[in-house]
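Next come two complexes, and both contain chain A; in the first it sits with chain B, in the second with chain C.
What follows is the complex of A and B.
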């Protein structure tokens, strides 16, 4: 017994703290614990996935775990959910809607945020700090507060007394998607500007100075010097914004114009039908909704982790 | 991972999805319960009165979704093709909050189908009252009981769309026949029958209140059914808060419901499972003879498993909730009201169409549905239970009262009443406590 306990202690002598943490975290016990947590974490998702492949009557009658003793699988639910003409299906249209909402909903705010962050960090003008603090403070405002004012801005325009500042936009049907794009851009900008600003601020001033001495204008510095340097940060913010817009329910639903622009999430919420009787379709529909973010996350997770750290640590 | 490998990986994933997509193709749509649109509703001559509405759009927001929405749109598809108007329907599961946001944001739909008259009254300032023609159609189409719920401060705003009969108790006709049970017509008969069934070794009642965020609403229907049978005046005073929620007569009614719902020898699986049993499937044990009765509205007819024969001589059917007093003839109902936020030509035409016998007759045949519109032929309903419901709903002798929780303010009818009933049935509160707490939450 005593020889067994002595062995690791002897090894521990002379190792640094970092090495020790690494050793503890890579030990067999730690690996098993991590594996257990991972399995535990995945069980509900796995159950959802199995449910999505089971026939409707089975889902109603028994839990997904009975599949191990009585395996019956079908793709009918996916088929119905994706291609049916009825109100409780046809997700393929809404998948397209979501893509159409998401692409400009990511490109527009990220492009504006990059320019704004550059200006706020490297162009000297009066009130720069005040402007930056104001944008920073905007993150505190919950978007729900802006829903109704923004909606009435779109649908009724802006009037002060009898003076019309902005007429009503009078968008209808599929055109209301413009409102959704604008709303997503507005709500995404403060955080994007804040993160990119912190990142750009860290760039060495010498590089900018050198470029300026060589006669580069601000737009040239921005395009040729800053953008290549901040690509990882932009990528991570784009991923954040992508996930947020893709999963958004409220904005798309409020600013959209009915059936023509309904995003995936809104249909998902209504899919179970008037009395919630169609809930058996939800597992399949949920999987269709998460597959794209999942692929994006898996392919770009390197940027994602880096993005979490962007701007948070100095030096 | 190198860049090229990553891209090829992405391409592989994308093509796999595309492959899976093309492999499926469009599914076959089930046509089981669907009738066809009747001939008079497909004849464009019947739509001439609405004029030419080419290029105009009517947006409609409602809480009806899925198959029911498809069937509804089928019923008005000839209105679209004959008049040229486009009807843009959106079914929302968050109808109450969507309406508020859209109306406040100045983006109200042209027509809204309100399932709660109480909610509709909140939007009075934005609503367009019923025109002369709509009023005329409504008065010839519905009894005064119904129109009262579409009337705000003496002005008619909305005619009903669909109507559900809520005072229904589902049972298995075969099970009743085999054991010689009679359908009860009074409350005392109902209790006597429950005792008899329990004595014969079968649980008399199946009960389930679970409904996601709205858990508890099937329980509120129980209380409403009982209060309604204590007296329609009492019921009206109760829902309009002329008497407090904890009035002794209401507490007595809750206790009366408790004599079934809180009775361990009555409820299948025990009373502690009520609040966790999904209402959609709560009645299923009836099919295997594990319980004998299940109180749920007429729309429950569409929720039985596909192969169930829902008919008076079939697997399951419903009888009316028994009256407490001799000679009473009451029915608790639910439904939607067609309210308009626009006075455009197409909106007005759509309102007239939705109040017409033509539409109600057609909708009755496009799928399981029931209506209170006078003049429709109940025998045209697609299922026996909807025929039964429509017969009762169109009978002018039946005293009709709307679901009380839909008339009470949202803080009560869609919140504290639901949670109260769940706590009550779980045994956390007694009837008096529950009524006191709900009274305290009344705004």
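What follows is the complex of A and C.
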């Protein structure tokens, strides 16, 4: 991404006047189109941000663009949605849920994926290729296919005929969050394994060979050679998974139990869906959910892009 | 928020993390033991076990169950054959859902890839390229729900008085009457698609822009000296050179579009003729309590990705053969 090619305009030599006019014109049009896209992609978010800082009565009465002539700002709405005991408030609880869900929701699948990817790339065993292709194919299976049975697996356990293989988990209250951890770990695995496998396979074979000759075992090679070498890859996959878990609505809403234990995005999604009483508080509530991943995303964009390119250019 | 709420949640987090660390340690111990005896099959099993168990229990088995459930009635007590499928292709609402999904998976990948490509070409080598890219890339960090809320405010409609939604305000500035966008059938589908396109264009731009950097400048220079116009260079040189990247982007966006649930849920709840398969599946199973129909919708969704799975697997095997 860092290699900037020279602008084509600087390299045109010996062109006729007509060519020149045409080139300047297309470059003008190009500038305008590029600028237009950039603006269209930014204004809606800026509008929501401005709205989130306006008094609720103002939001109801006029559009956010009126702040340029009539600037009134307040943090009251943020205060209300986070801490109020009244309806539509107290979202701090759901924000904490999101944090509590996200940490294991990232660590567990990435750790398990790293182990699996190592075995798939550097341990020889029969059926390795088949297993890898199966996991690769699972990436594309819509998680909708798993929702109903997985939820009943948690609530009713697993029975084949009359034989109980796994009893009901009977998770209640805060403990329902465990379901969300497991669901996120499962759904995050295929992509994480695929990406990490791509990175691990690229590691030089001589390094592994040398370590093996020195008497290192597989688990030593994994910990001392492979993991340090793929740390950037793990970082980019962790960012992927972080964004996915933090921003997720479907899994949190389905497995998150009652409203008190659901993550912030799931509560917001329902609030937006009904658009009932208190819609004027949505901009502030939404921004609380948006700001953390946005900051992470901006700061760590380089890693994110690397993972994106590794995953897509090869896949 | 009470302090007990806080301790309950972080207590659970601590217990979970400690348990996970214990599992990891146990696995490493096992692997170490097996390694010392040079049992690479056992080592492979230990390394793969957690992932494979998770995937079998959480994805493969449920997917099979879902297929079975789709030939049973709403509460899974009675075998109904293909009744649910018959319902899906005859019931007007269900049919509407399928048609909408078809629209989505054609329009969104096409438009996202096209805008991403044009934008990537336009900003390539331009001053401030990074800033241009970052601005369009930003929505990728925003959740679908967040994006839906952002756009719901853009589309907002008030019957009388001042308009709060930007789109209707622009209309009234030009003297037109405001429109209740999200309730206007057929059009509202495209307005929902705008939200997903808005998110996916950033992805398309970044991948295609990276691919563009790989196109040798000599080829473009040669075409220019031969008198090719920018449009000709674009279609005859640039696009063919990054063809594989374009396909990858379109396929990735296609899959994301197919699985789309959040935007429909948060913006219209599937009402006013905007439902899609991934959302209707959820609605049937978890809101209306009809597992059979929900499962049927999920299976239809799965049927739509099968061609992609086959294509991807074949692609990968070919690449592996080439690498050998």
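The criterion applied here is as follows: the second predicted complex is superposed on the first by the 262 of 315 C-alpha atoms of A that agree within 3 Å, B and C clash if a C-alpha of one lies under 4 Å from a C-alpha of the other, contacts with A are read in each partner's own complex, and residues count from 1 in each chain.
Note that in this section a contact is a pair of C-beta atoms (placed from the backbone, for glycine too) under 8 Å apart; a residue touches a chain by one contact, two chains touch by 3 or more.
Since the model is a prediction, treat every value here as computed from it, not as a measurement.
Taken together in the superposed arrangement on chain A, chain B and chain C clash. Of the two partner chains placed by superposition, chain B and chain C are both touched by A:83. Contacts of A:75 after superposition: chain B is touched, whereas chain C is not reached. Between chain B and chain C, the partner in contact with more residues of chain A is C.
Of the two partner chains placed around the shared chain by superposition, chain C is the only one that A:33 touches, whereas chain B remains out of contact. In the superposition on chain A, A:135 makes contact with chain C only, while chain B stays out of contact range. When both complexes are overlaid on chain A, the residue A:254 reaches chain B and chain C alike. In the superposed model, A:207 makes contact with neither chain B nor chain C. In the overlay built on the shared chain, the residue A:147 is in contact with chain B and with chain C. Touch criterion met: A:269 reaches chain B and chain C at once. Touch criterion met: A:174 reaches chain C, while chain B stays clear of it. The superposed model puts chain B in the path of chain C at one of 45-53, 117-125, 279-287 or 315-323, which is 279-287. On chain A, the surface touched by chain B in one complex and the surface touched by chain C in the other have residues 60, 83, 92, 147-148, 150, 173, 254, 269, 272-275 in common. In the complex of the two chains, the chain A residues touching chain C come out as 1, 3-8, 11-12, 22-23, 26, 30-31, 33-34, 37-38, 41-45, 47-48, 51, 59-65, 83, 90, 92-93, 96-97, 100, 103-104, 107-108, 111-113, 115-116, 118-120, 123-125, 128, 131, 133, 135-138, 140-150, 153, 173-175, 177-178, 181-183, 185-187, 189-190, 193, 217-220, 222-223, 243, 246-250, 254, 265, 268-269, 272-275, 282-283, 286, 289-290, 293-294, 296-298, 301, 305, 308-309, 312-315.
Contact residues of chain B toward chain A in the complex are 6, 9-10, 13, 17, 21, 24-27, 29, 57, 59, 61, 63-70, 88-94, 98, 101-102, 104-107, 211-212, 280-281, 299, 302-303, 305-306. Against chain B, the residues of chain A that register as touching in their complex are 57, 60, 75-76, 78-80, 82-89, 92, 147-148, 150-152, 154-156, 172-173, 253-254, 258-259, 262, 269-279, 291, 295, 299. Every residue of chain C that touches chain A in the complex is listed here, in rising order: 1, 5-6, 8-10, 12-13, 16-17, 20, 24, 27-28, 31-32, 35-36, 40-41, 43-44, 47-48, 50-52, 54-55, 57-63, 65-66, 69, 115, 118-119, 122-127, 129, 132, 134-146, 148-154, 161-166, 169, 198, 201-203, 206-207, 209-211, 213, 217, 220-221, 224, 229-230, 245, 248-249, 252, 255, 258-259, 261-262, 265-267, 269, 278, 281-282, 285-286, 291, 294-295, 297-299, 301-302, 305, 308-309, 312-313, 315-317, 319.
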